[in-house]
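Take a look at the structures listed below.
Each of the two complexes below includes subunit A, the first together with subunit B, the second together with subunit C.
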Partner chain A sequence: MNYGPLLFLAAFAAMSASWFGFVIGPQAQLGRQQPAAMLGSPVTYPANRSGEARQGLQIYRANGCVECHSQQVRQTGTKLIVQLVELGTNQPALAATLKRELPSLPEAELTRAMEKLPAALLTTSARPDADVLMKAIAAAGGKCSLQIVPVGPDLERGWGKRRTVAGDFLYDSPVLPGYQRMGPDLANVGARNPDLNWQLCHLFWPRSEVAGSGMPACEFLFEKLPLGAVRSPDALVFPAGTDPVPGFQVIPTPAARSLAAYLLSLRADAPLFEAPFSAPAVAATSTNAPAVAPGSTNAPAPAAGTPPANPPKTS
Partner chain B sequence: MSPDRVQPLPLPVESSEPKVAEDAVPIVLVVVFLILFFCGLVYFDQRGAWFKPEVYVPYASITELQAFQPPTGGINLERGKALYESICGLCHNNDGTGKPNQAPPFAGSEWALGNPNRMIRIPLNGLNGSIKVKDTDWALSMPAMGAALSDEDLSAVLSYIRTSWGNKATPITSDMVKAVRGAVGTRTQMWTVEQLNAVQ
Partner chain C sequence: MNEPRPSSPSPAATPAPTACPVAAIDRSCRLPVLFLFVSGAAWLLAGSVLSLLASIHLHAPNFLSHRAALGYGRLQPASQEALLYGFCLPAAMGIGLWLFARLGSTPLVQPGLAIFGSAFWNLGCAFGIGGILAGDATGFAAFNLPGYAGGMLLAGYLLVSISAALTFHQRKVTTLFPSLWFLVAALFWFPWIFTSAQLFLVVAPVRGMAQAVIAWWYANNLQNVYLWLTGLAAVFYLLPKTTGNALYSRNLALLVFWLVLVFSSWGGIPASAPVPAWIPTLSLVATLVSLVTVFAVLTACRRTVRRPAAPVAPASLRFVRFGVASFVVAGLMQVVAAFPCVSAITDFTWYGAARTQINVFGFFAMVAFGAIYFIVPRVAGFECLCPKRTKAHFWLAAVGLVLTVVPEAVAGLNEGLKLGDANLSFLQISADSFHLMRVSTLGILSVVLGQAFFLVNLLTYVIGTSRKWVLAEASAATTDRLKTAGVNS
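For the complex of A and B:
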């Protein structure tokens, strides 16, 4: 029974097949990515992280943050929302067009949509349906915008605007996408909470910022000094009533600063060709028309859940 | 009496090395595997996007991904047609042939197909005096019919004129209209053919 060479070859084939599949294949597919222009903008993405943030990546790696935090937002689908943003000059024609194109929409709903702009008219995942409606509206003189909304459980949790793609990790070495979620996903932590003091306080004593957090405290990245006559400008400012070390001031070491800089640099929120999305529409004003007076029905409605940037003065 | 001697059992004789049976693989198994292989290929073809690096889940192919790209503000020729028929068509006719003693034709007109910078100026400020279109002299006065239109609408209607009724000129973008509007400024006078010919 001399099957040795055959067994060797079979084992070799099995090993090399997985090596090709897991190493060479992905390298050939994604290994030569270059920064690419964002959607609708000549700016390329991603920008390299700052030197401090790159050092922070090594701190992140050394402290095993990656064992509990992923940096991959998943997406299960994409919605298209056609929004009416401008009625144009011929409103009866627009109303007739809408009635023809959207026979399932009740008339009361249609009237309400035309009174309060921007109004979502159609939610679909089929682009041709959206295109037909948008063409009809444009031919009737109205203006509409197409909102592209990625959907998925991670996005509902507010962990990002779109799925994570390979380009998000372009300058990272090593790439730390993580594999389990004892804590929340960090792909967009810098966009979610861009407050440096918050990040540092949270690293020093997570329970001070998030009640019931299970994250281990990274006190060893900070210096605890007795509170002298003069408080250091670098000392952390804890939220009222949650100071974990009363009578002391907590100074972040360079390691803590770079780790926080890395966390703040985590924002994978650029619209890309491979992960498209678009911001909610604001009512567009044509370039040569006079600006719409505030308070009229054509004024952009503030996005749901966010306060208006400039609340109109009531006095 | 000597105790019974236990006779050792004879060692089994190893007759030959075990051999793979020469029976063929059951045909059912072959068919099952072929069906599974086929299903795998179909699944790969539909969901695999042929290893394109741009395509991630939830998109199954580059076509599907392209369907979710934001629209690039293109020129809406349907809007142009609607505007043409409500504004220009009254005199120039809905089929672009013009009306005798009223308005020259657009179909095949050297003005409609020519320099966009000259064409944009005509609806912006109007045109006065004689103009030669398709070897016919027209002595007319056209008011500034397009002055009230937005850049997008004017580009749509001019592009419709340049691409309809057999016309095959390049469309006019709203940026081109915007540039001309900026160059014209606050002029309210109508253009004459000589002035238009001076425009490059």
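For the complex of A and C:
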């Protein structure tokens, strides 16, 4: 190692390897990604965000929202639920099959399941188990459906329906999946709380919406005007008793509006080939619902304003 | 001045017959190296103040909420980039220039170019950090300086590195001391990763998630390759110099060199990243090799300082020892958090911030302080280091770092474990972390005071050097006048 050129070439080779591996490689694979059809639907995902939301991403970047918020839902595994949907014509044969295939299920429960359809028969994380049962039921003339439910603490918190995948960021620049969660994950904040006024009030004075929130107030995104005779139609409507600036009306600037539009556009909840799911969101029965601990997350009541979930069934 | 004893092991101490005297080498480095160090110290102080302001936001969410430029999301990246681009890189350049000259036994070539480059670099930093506060940050950690600053930084770096490369080319020694390998690799590593990141993230941004992968790659290569290479170059030079022992093993240093180049350059992709699985898997395997790197560095350093014969520069040695200890801690924290079962807990928590701070400040900046306290008396040509102030700097920085990162690491683990249980309220978990951050704020305050001592220490040299220069000029002028008078009469 006493020759300058040799030293240079050695380091050059190491550098090139890493560069081709982690700069050119991912670019060749991910850089060409195209929108793909959603599971069970011809609609492609993702759609580009609206112009206002794309401007909002720049406000998000400029103000360093990424310092405290991630946009990446993690998933630890998948739960498979086999549901009996139809009994078919040969019920005794079906009952015998179920008794054989599910020896651990008490007979009383089996009878109840066959009386009240659809009924969940098996919850497992192993696909082969589910397949065996479904084949047996089909052979006995019954009909069943398989539900795929992603699981993990992030999902149980109501932060999403499935894990985040590369495709969720297809049209974003910069791509900011985040690295720290001082605040809750935002990958699905638009699905969690689609109320524009809530988002704007929360940006202006987070503690008016979420008691005890540690988020810095973004007053610089708003104009504060004395409450005159005419109230602006754009003025924020704070929840009763929490108006942080009594006697004033708070008008969002265009920057605040676009940031809120961006937040509302954050909903990575399409079922995809690489991240399938087919059950109503776990959030519907999530444990951080306000009933348990009011204001435990920045999430509002889970179902508020969410469009009815209509999950496509696989198989 | 504490000149290293002749028995000292590095090649610089036993120069080839044609080599130039050490004092002349040091004099040739004086202006660029002092300029880089003093500007770096000023940025470091500014960055610590920004970091302190950012930290107050964690306790008072309505603090300065009317000022967009002083929000947490702008102060925090500005303070991080001031530490990285304001201090770490200029310090690395200054140490590099001096080592290239000293270990090559040749005066610095084109010092003017290096000064010009450093000025450009500082201009880029000023625009960049101002740009972050104005809302032009790129959004990528460790790469937040806006594109217009990037061009200036790159131009500045290239000018400095031309001077460094020419100095290396004109070296008068045949055996390369290990530090030189590290410095040569680092010399072109930074422009390569920086241009790649500028090109693919700012100039012509690539599509989708590839951006995030490139941003992770860049941040890893800056903090875990470039800073390791230059920091270890300083460690392997300073430990023998300050203890008077020979470097334990040249082959071990070679092993470390290769491990850093070949494996560390592949780390940095989080295990849970939403990208094709081969990317985080490769990264995981490469990160595990850091365990060998850490133990190799630890062995080389421990064997070198085994019996400090008679410490030459105890102040420097203290900083370097702390730096090596931090290197080991940061390396182990990285290896442990690379396992998917652990990263499921530590990802997205304060743990990552703690690890970065131990690596960048605890390892690199502390080693750089040691190197700067070793180099500055030599390039200035006189010793006026106040041992008390140096000691105060060391203790304030060390205690500040510990107070900053221990609560962060504890908060990170606490958050990670509790986030795994969806029954626990997120707001409560994050409030627990904010409580711990009060200790961190005290730590940052201590770091701010330490950096003030550092700047004062360096400024005494600048004032001393300029006074000497003025006196020398004045006496030269007097001599000239007397001469002229003598001729006339």
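Methods note: the second predicted complex is superposed on the first by the 272 of 315 C-alpha atoms of A that agree within 3 Å, B and C clash if a C-alpha of one lies under 4 Å from a C-alpha of the other, contacts with A are read in each partner's own complex, and residues count from 1 in each chain.
By definition in this document, a residue touches a chain if its C-beta (ideal position, glycine included) is under 8 Å from a C-beta of that chain, and two chains touch if they have at least 3 such contacts.
All values derive from a computational prediction rather than experimental measurement.
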Superposed partners subunit B and subunit C on subunit A - clash or fit: fit
First (subunit B), second (subunit C), both or neither touched by A:245: neither
Partner chain in contact with A:276 - subunit B first, subunit C second, else both or neither: first
First, second, both or neither for A:76, with subunit B first and subunit C second: both
Of subunit C and subunit B, partner touching more subunit A residues: C
Touching partner for A:29 - first (subunit B), second (subunit C), both, neither: both
Partner chain in contact with A:191 - subunit B first, subunit C second, else both or neither: neither
First, second, both or neither for A:38, with subunit B first and subunit C second: neither
Which of subunit B and subunit C A:174 touches, first, second, both or neither: second
Partner chain(s) touched by A:110 [first = subunit B, second = subunit C, both, neither]: neither
Subunit B versus subunit C as contact partner of A:165, first or second or both or neither: both
After fitting on chain A: smallest Cα gap, subunit B-subunit C, Å: 5
Interface residues of subunit A shared between complexes with subunit B and subunit C: 1, 25, 29-30, 33, 74, 76, 163, 165-166, 286-288
Touching residues on subunit B, where the partner in the complex is subunit A: 17, 51, 53-59, 65, 67-71, 76, 78-79, 81-82, 150-153, 178, 181
Complex interface listing, subunit A residues touching subunit B: 1, 25, 29-30, 33, 39-40, 74-78, 80, 127, 134-135, 138-141, 146, 148, 152, 163, 165-166, 271, 273-276, 278, 286-289
Footprint of subunit A on subunit C - complex, ascending: 57-58, 61-63, 65-68, 71-74, 76-77, 135-141, 168-169, 174-176, 181, 184-185, 188-189, 192, 196, 200-201, 205-214, 216-217, 221, 254, 257-258, 261-262, 265-266, 269-270, 272-276, 279, 282-283, 344, 347-350, 352-353, 415, 419-423, 425-428, 430-431, 433-434
Residues of subunit A that touch subunit C when the two form their complex: 1-2, 4, 7-8, 10-12, 14-15, 17-19, 21-23, 25-27, 29-33, 61-68, 70, 72, 74, 76, 153, 156-157, 163-184, 206-207, 210, 212-221, 286-288, 292-293, 295-298
